[in-house]
Amino acid sequence: MSARLKLGMVGGGEGAFIGGVHRIAARIDGQWDLVAGALSSDPVRAHASAATLGIAPDRSYDSFAKMAQAEAARDDGIDAVAIVTPNHMHVPVALAFLHAGIHVICDKPLASQMHDALQLEQVLAASGKLFVLTHNYSGYPLIRQARDMVARGDLGRLRLVHVEYVQDWLSEPASGKQAEWRTDPARSGAGGAIGDIGTHAWQLAEFVTGETPEALAADLSSFVEGRAVDDNAHVMLRYASGARGMLWASQVAVGNENALRLRIHGDKGGLDWAQENPNQMRFTRFGAPSQTLTRGGAGATDAGLATTRIPAGHPEGYLEGFATLYREAADAIRQHDTVRSSAPDTLLPGLAAGLSGMRFIDACLKSSQAGGVWTATRAT
Amino acid sequence: MSARLKLGMVGGGEGAFIGGVHRIAARIDGQWDLVAGALSSDPVRAHASAATLGIAPDRSYDSFAKMAQAEAARDDGIDAVAIVTPNHMHVPVALAFLHAGIHVICDKPLASQMHDALQLEQVLAASGKLFVLTHNYSGYPLIRQARDMVARGDLGRLRLVHVEYVQDWLSEPASGKQAEWRTDPARSGAGGAIGDIGTHAWQLAEFVTGETPEALAADLSSFVEGRAVDDNAHVMLRYASGARGMLWASQVAVGNENALRLRIHGDKGGLDWAQENPNQMRFTRFGAPSQTLTRGGAGATDAGLATTRIPAGHPEGYLEGFATLYREAADAIRQHDTVRSSAPDTLLPGLAAGLSGMRFIDACLKSSQAGGVWTATRAT
Amino acid sequence: MSARLKLGMVGGGEGAFIGGVHRIAARIDGQWDLVAGALSSDPVRAHASAATLGIAPDRSYDSFAKMAQAEAARDDGIDAVAIVTPNHMHVPVALAFLHAGIHVICDKPLASQMHDALQLEQVLAASGKLFVLTHNYSGYPLIRQARDMVARGDLGRLRLVHVEYVQDWLSEPASGKQAEWRTDPARSGAGGAIGDIGTHAWQLAEFVTGETPEALAADLSSFVEGRAVDDNAHVMLRYASGARGMLWASQVAVGNENALRLRIHGDKGGLDWAQENPNQMRFTRFGAPSQTLTRGGAGATDAGLATTRIPAGHPEGYLEGFATLYREAADAIRQHDTVRSSAPDTLLPGLAAGLSGMRFIDACLKSSQAGGVWTATRAT
Amino acid sequence: MSARLKLGMVGGGEGAFIGGVHRIAARIDGQWDLVAGALSSDPVRAHASAATLGIAPDRSYDSFAKMAQAEAARDDGIDAVAIVTPNHMHVPVALAFLHAGIHVICDKPLASQMHDALQLEQVLAASGKLFVLTHNYSGYPLIRQARDMVARGDLGRLRLVHVEYVQDWLSEPASGKQAEWRTDPARSGAGGAIGDIGTHAWQLAEFVTGETPEALAADLSSFVEGRAVDDNAHVMLRYASGARGMLWASQVAVGNENALRLRIHGDKGGLDWAQENPNQMRFTRFGAPSQTLTRGGAGATDAGLATTRIPAGHPEGYLEGFATLYREAADAIRQHDTVRSSAPDTLLPGLAAGLSGMRFIDACLKSSQAGGVWTATRAT
């Protein structure tokens, strides 16, 4: 093993949720040291959080802009920055670090506005740097395995894709830091549930099937009085291949915590996986008994095994799936920085996944505003 | 107990599926004796089937028309006829028996064409007879309980209705008597999966919520080459109350046998029930742990208990739910024939459910043919 | 089909549980008519119950002894009697009907005392009549299939048998008719939970494996103050083949309704079945993914299919499994009465299962009273 | 946060399983840096493994004895050693580090022989150092919550404890490094399955209930030809309180990966938890519907929440439960080294749990060798 890579973080101070997740994910496989941060827009909170996390005072910054400059100037500057701010800051922060020549690991969705996303696309291309978008659910070993199984034809020709991501935590008017920014269009973007969790569902289906719907019809709702963004989205999907799908994202489905489920049916087989018990996946060949595939168990594919840390029956969870992205990001950066000319062979979601998610949000909004009409997803 | 009622049957000879189900359902609670039948359009098969079932030779008929006349003329004629033919014969047979003054118990869907359904509506109104449509899934005790729970406000104001009914038995080109007529528009009607199982899903949601969607957008597919009817239907639903829903019916979802599932979410609670393990239902009050309600167990409502035969933990199944309709039909007939002026208080699905199902099929076909546009469901 | 057989019933008047179950079970496949009964030791209740059930007044009897005599004397007398009394009456009633030349269908356990059981054995042998003991759980299609799978070697050489039958309804001092007699040694026998449900667990394991443990060590408890019989039984099992097992029967395991579960492991495979969702069984070949076998689904064996009424995915339950015993009893009686010299080929539990259960109860009591020592099960 | 603590490791070189687990567990919460090791008894492998793990060459040792001495002598010496060798080396290594004044974190079971365990007890008492035994399953949040629930009386007076830990990976003759030492009495100890996994089951039940059985009857088997230790253990348990239990440990139960399950029943409630889906636990109050408690969800207790990193619905797994022990060990060491006179208030398993496990192994062996007789567990 080479020495650990050096990670900086923007956002993720006290009271944040996803920042802590990124930090654990970065630690699990021992590839990263967190050495710098602009952890909050409030300087007092930023420095207090940095101290708690063992970041040296001189590398706790008041602003991400200063941090990008300063870290780029150091010999021992960070290898990559993790962006864990509310959505509207993803692109501004990413641009600053890309301009400074620093790789970026960014939470999803890519941006709060398509305009920002497109700007990022241009800057990234010019930068020659890596950009990782933490669609963590695609880091689960059985999701990697599902992708292999689809690709090698275990399901035959795909017919149906059903993905749902349903929660209930926003069933009542929002309170708390998390709920507030996620339902504020200025920070979250025009999409509510579709941006926050719908993009995960969209990416998961895209990652496993290798196909992107060409059109969708969306019916977005905002059930809680006074809410400015959607809290429920019903979407029908059409694929160029002839496959059809449904996507349901909700934050008001009482009785659901974080129920992301993917079902795929082809003419030869079907798959069924649910995130809350991610170590099992049901697979059926037409006419045969259903099988329960387990993470790392009988029938595991190479890609599934490569992301498995412990034997079958010893459950891995959300943090391990997330950690896989950090490990793969470390691998990609090492490879990138050594052999600059070749792109690493990676399953990491990046800009393409992010743009696809932005087009998904846009198409949902357009479709729904027009009364739920079918809308193309490919045009930008 | 009064003496058993006398049942006749049209259709349901050897090789049929649903006829045998009706016969067991009629026997379970000991309220009916099967005494007459026109069991097949093939006289040899009709009489052979009748003999096997213990029907006296003089009450095994070559045609349903003769049967209606002959039974009406007997002092000991049948109290009701069970119609278990392919869909296109439901109305012609029902009309014959209603004209003869005999109550009708009919398998779903109501008809293969809306025109027939409307004709039945007129004749039924004039006949003063009872008409029961065997949407058997609404006979499950926990479905009765779910209806009670929605009605008394356990879920609060309804927001979301998700119903799916997915199978895989038609994943390949049809073979066998069952598959053939169910995919033949001349016998089944223009709807394939939406008629055969979609109407069950539609009725189940309507029965439990007490609401009928006012509009839908449907995307029907026919995945198997050469199939003349839909084998998969994706439908989005809008309710006048502001609730939203999704309905999925499929006969090509590999890995599913008879997976009918209903989920309902209101602003206070959520319900989740699946037909393949019908003795349990998940219920969650917002903010509290999910509960597993069991048929006849703690928390059972009166309507749930009234349709429960054996203690919790001793599973009842499909046949018992079906039998409940036959028991309630017997009760309704006894009450009707005694006190003609008052309609019995019953949860039995009948003409209204049937017409609703026909409007559902029609709206799905219209919507899908127009490219998946939103279409009203209420207009006939 | 021949004409229906005629059934009489002893016990099962208003307020009873298992009598109603037997009646539904007898009706489901249309092989039996209930025509006579001594439904209660209280004549008023007996006749009222008979009237409700449509039994003619002259065939509602005050006593089982009179009933046996009278029915034997009639040309149209009953073909078999169903005994659904408390345990201590099983043998006296059975003897009366066997002496009268009438076949017997008897609820389990065989008797409240070994002495009675042995007397029955002698009388039965001399009578030439059939005796069916309604260990209904062995009527479940997947249990029939499990037996086939073990017999044909799908599991390899058997190593482990785990069976548990746990309930919670007696967690507090008994109240109600059912609870009272089942905890009264004079009526139930010296075994409480081991007699009432432990014998079911014992029979189920014996039925599926084809092996009977040669020794056991039992630790019986009576957790509820004042209870005269065991309400929990822990038992370890040893088989002559070298296999080992555990049996747990409890009526005080809070959170369990009727949780009968059987797990069998051989050197090549393992099976896992649970009664509360009896339409699925997990099967694993060593080194391969677990399969979910479904009643009537892919991989069903002939014996499984022979006891299946409706397609996979349409759940059958407790009553259908029970009904299978009544159908097979009808078949056996018809065959017996036609060709007296040959025993029918049947999977029906009878005297042998009953005696095995009595020896199980006896061995448990002996073992437990001696402090939980290992005790032979084979000696009578 | 104080600076990270410094960890050394003995064992855990390439090809080991549990060493890697300890390393991830130590990293997850960012409290430890691995800085020294004697990773293998083979020096070449030891140094290669150290290099891979980023351990400086001068802190990669050929022997644990040298390591203890050298690290004790350094100003920046390790704060604690993690012992992840085969069982027979646990005590010799622990003694060396305790003698050197270094805290010990040791994998289970405590020792391969009781004699060693007792020696450790003496040395530890004299050393004034901390000793943590990584019974990791007691680190699961819902297990912490279960302990709280039992302690505060949610289940009432305990009656029944059922714990099973079943696997199938040793169903055939052992091959591979892991299988070999675990079935070799010289390295593993006289207990096979009872030592390797039975002690986990024993500790888990003890941890949650706060009670230790006073007697047991064990039936140990060795099903695989040529195997020198048990691969299956059936054990009945008796508690001084009057409670009763069963424990099943198996490594030959085909179809099970790592199926550790704990069920506890009192006179008021019951709990059911299974390790393979550790984020849910079923809880039933007598007479009420069963509840599904989720990690971090509604009804979580303080101890449950204290060990939860991410919101309900985002599954944590085996590694996080293990990490909790490392975090708590760090807390305990910091507190210990600051305020030497007071023992930290901790839920960490340590010597007492280890000795209890050794007495469990001993009692099982004695009981089984004597034919399965009841044997006291308390005497050493």
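For reference, chains read A, B, C and D in written order, and residue numbers begin at 1 within each chain.
By definition in this document, contacts are C-beta pairs under 8 Å (C-beta built on N, C-alpha and C of every residue); 3 or more make two chains touch, one makes a residue touch a chain.
All values derive from a computational prediction rather than experimental measurement.
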(message) What's the farthest chain from subunit A if centres are computed as the mean of the Cα atoms?
(response) C
(message) A-D versus A-C: which interface comes out with more C-beta contact pairs?
(response) A-D
(request) Report, in whole Å, the distance between the mean C-alpha point of subunit A and the mean C-alpha point of subunit B. (result) 43
(message) Taking the mean of the C-alpha atoms as each chain's centre, how many Å separate subunit A from subunit C?
(response) 55
(message) Please tell me the distance, in whole Å, between the geometric centres of subunit A and subunit D computed from their C-alpha atoms.
(response) 35
(request) Can you tell me which residues of subunit C touch two or more of the remaining chains? (result) 256, 282-283, 290, 294, 297
(request) Would you mind writing out the residues of subunit C in touch with subunit B in their complex? (result) 1, 3-4, 17, 20-21, 23-24, 27-30, 51-54, 167, 256-259, 275-279, 294, 297, 309-320
(message) Help me check something: in the complex, which residues belonging to subunit D touch subunit C?
(response) 155, 159-160, 162, 168, 171-172, 217, 219, 221, 223, 232, 234, 236, 238, 242, 244-246, 248, 250, 252-256, 263, 265-272, 282-286, 290, 371-374
(request) Please give the residue numbers of subunit A that touch subunit C in the complex, ascending. (result) 282-283, 287-294, 297-299
